[in-house]
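Sharing a structure with you now.
A, B and C label the chains in the order they appear, each numbered from 1.
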Amino acid sequence: MRKDSASLGLRAVAVAAVLFVALPLISLFFRAPWSELGSIASQRATRDALFVSLETSVIAAVIATLFGVPLAWFFARAQVKGLGAIRTICIVPMVLPPVVGGIALLTSLGRRGVFGRFLYDWWGISLPFTRTAIVIAQVFVAMPFLVIAVESAFRQLDTGLEDAARTLGASPLRVFFGVAVPGARGAIAAGIALAWARSLGEFGASITFAGSFPGRTQTLPMAVYELVATDYRSSIVMSLILVVISVVVLGSMRDRWITGAAK
Amino acid sequence: MLDSWTSDAPAKLFGVSDIGVTPRQLKVSRGTSDKVFRGFILAGALFSLIVLALISGFLMYRGFGIFKDFGFSFFTSSKWEAAADDGSAPAHFGVAAMLVGSFVVSVIAVAIAVPFAMAVSLFLEYYAPYSLRYVLTTILDLVASIPSVIWGIWGYTILMPHAVGWSKTLNHWLGWFPLFDVPAPIFERSPFIAGMLLAMMILPIVTSVAREVYSQAPRDQIDAAYGLGSSKWGAMRTVVLPFGKSGLIGGTMLGLGRALGETVAVYLVLNLVFKVNFHILASVGGNVASLIASRFGEASPYELKALMAAGLVLFFMTLIVNFIATTIVNRSKVPS
Amino acid sequence: MTLELHGTVQRGEFHREVRISAQPGEVTAILGVNGSGKSTVLHTIAGLSPLQTGLLTVDDVTWDAPAESRWITPEQRHCAVVFQDLRLFPHLDVLRNITFGLRASGIRRVAAIARAHEALAEVGASALVNRKPANLSGGERQRVALARALVMKPRVLLLDEPFASVDEDSHKAFRELLPRIVEGLNAITLMVTHDETDASAIASRQVRLSPQELP
């Protein structure tokens, strides 16, 4: 193998490209009004948005996990006709423009939507423009990411262990919780982190389905978006908070994931 | 349904149908907790199914009224006007400019991102030492998870001032070519800038698909190329790049799909004008997703229907692009 | 009071005719070269792959009868398996590996732990309680796998190449241990092996599977 100039060129281009896409992160730190950071971060608007974001994204991640992990197992193990089609359909929100998803959620679950009408008439439930609506939108957008990550982990698991558990008298439920979930716990943790990060940054579906009312349904990304024209500094600070939260969580997850795999 | 004993059966059985054995349908009675568990899984699956069915169903239901009212002109007209309040002018809706705009911006994004993605993935797979590879992939993964509104803010406040200068230079030297011509010397919020921003946003996904495909290039052929005295780059050019071609196309399509659907980032750096425009440096552009987001709040019920019809169009566009992408990627994964 | 199996067993593309009957309190060896379907027979009895035709009954209870669409799930069969690759649960320590089946059958924790200790003592592995499978030698793992099956007090005990992963010394120890355990258990024991010496040392009956004839 000879060292050639292409190698050096490739290295330069690759490193430059990666650093270039990392620019937004870096430049945010440079642009941040550090001296006012504390006062902006403790502003009511910032705190409200942060609180709404954290509350909804955590609930969304929990729901996505509760439904997504069993669903991933179903996709990895089940032998049903048409499974491929069901799977494709469940994954579609991953590629669907979120704003389209938000509109559809609004028109179907909204007060005058075909399903939402019954919710409202029968139980007086009105979903749009509530935090529940945000959670629904976030689950909708984030769950496929979790399902995909966990499903591939389940597929790589040794089915022999599950067979062994069954011969020992374990019901499918116990096989799932006693063998499959512990076997895929690294990927499940990563999937949860991913779903949570997606929920935290979700914008298109939430803003169309839940609107952006400060203190009620305004999440951090919405606040960033609304403030960019009027209060640029606050917007930068909120971006910074958003980025730091997701980078810290995903970064720590990634490390654990990799060391877990290397064992 | 959940029994794992036939986990690999159907694929294998398919080829030996002459033996005449198919897996038996096993009827099993189960305990309560398992029924609950099954119900739970089915609920999860049904939730997604229903939501998706709702989406396509209601978009179609609401959107088709618009298609009926405007016919084909919904796709060919660029006019987007709500009815005048006094009833003097009827509403007219057409998405031509937005459709064209979506594609212009996305194609720019792909054209910029793909060469970089190729370089990055080749480097990561075949050149980078372990530590550097770890650092760079970590950065890419983190970048992939940055909320798009952050990209939008960054593009609006930092990228755009620089990009305006680059646009002027491009226009100065290449302005004779219609693509780089501008009707008025305003360079802010152009398709070029939006495309550049999108290029950065889709780089991680295109890179990760390209990496996966490149990593599957046949080792023995690469070694053979070395054996024939080829340089490392020679081996890349003759073995890895041709091998990964279809995978790269698939990854590109995935990136394209994402670019088509991007909302808030594009909205911040693109001037939404209802006019078909191919001058990429001009401050005139469009994108279906940001049209929806920007008009949604104040839309009349009738305009809302038109926005849903636009959403339906976007929905099918991304569905088709992604379908092509996954087909190509999957085909390229089949071991030769 | 016996196990009766006759019919077509199948796993993947592989399928063959078998006819086996076995008595409680004695070991029936299933002999045959690789690819003769020995393991598939065990999987069929355990319920991991269903019969295509024929009948499987244990103590006059039908476990698998395609003609009547009757099939008992693996977890409902009173049957324990020592797999060739052992299949100990890597995330559980030895004690929890052994109590897994008991807990799954609804036995309370304290009782399960007591029985697990008994079973470990029986196979001479009491010292291993808190170790993880990854930190055990081949022979130790084999003992734990055996204890995990024994602790269930199964009606049918299935052993798939029980000497496959043990060294020479443990091999000898196992040859003496196994008959004693089986006798105490009074279970219908089937042991798959390719080794004639093991078969004649331990088993009182032998079933020989010929290499599979392709259709």
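Convention: a contact is a pair of C-beta atoms (placed from the backbone, for glycine too) under 8 Å apart; a residue touches a chain by one contact, two chains touch by 3 or more.
What you see is a predicted model, and the numbers here were worked out from it, not measured in a lab.
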Centre-most chain, if every chain is reduced to its averaged C-alpha atoms: A
Interface ranked first by C-beta contact pairs: A-B
Computed distance of Cα centres, chain C from chain B, in Å: 52
Geometric centre distance via CA averages, chain C-chain A, whole Å: 45
Chain A and chain B: spacing of chain centres that average the CA atoms, whole Å: 18
Set of chain C residues in contact with two or more other chains: 47-48, 73
Residues of chain A touching at least two other chains: 163, 166, 171
Of all residues in chain B, the ones touching two or more other chains: 3, 5, 9, 23
Residues of chain C touching chain A in the complex: 46-48, 73-77, 79-81, 83, 85, 87, 89-92, 100-101, 104-105, 148, 152
Contacting residues of chain B [partner chain A, same complex]: 1-7, 9-10, 23, 30-31, 33-34, 37-38, 40-41, 43-45, 47-49, 51-52, 54-59, 62, 116, 119-120, 122-124, 127-128, 132, 136, 138-143, 145-154, 156-158, 200, 203-204, 226, 231-233, 236, 254, 257-258, 260-264, 268, 288-289, 292-293, 296-297, 307-308, 311, 314-315, 318-319, 322
Residues on chain A engaged by chain C in the complex (per definition of touch): 158, 160-161, 163-171, 174, 178-179, 182-183, 185
In the complex with chain B, residue positions of chain A that touch it: 1-4, 6-7, 10-11, 13-15, 17-25, 27-28, 31, 67-68, 70-71, 73-74, 77-80, 86, 89-90, 92-93, 95-101, 103-105, 107-109, 113-115, 140, 143-144, 159, 162-163, 166, 171-173, 176, 194, 197-198, 200-204, 207-208, 211, 221-222, 224-225, 228, 232, 235-236, 239, 242-243, 246-247, 250-251, 254
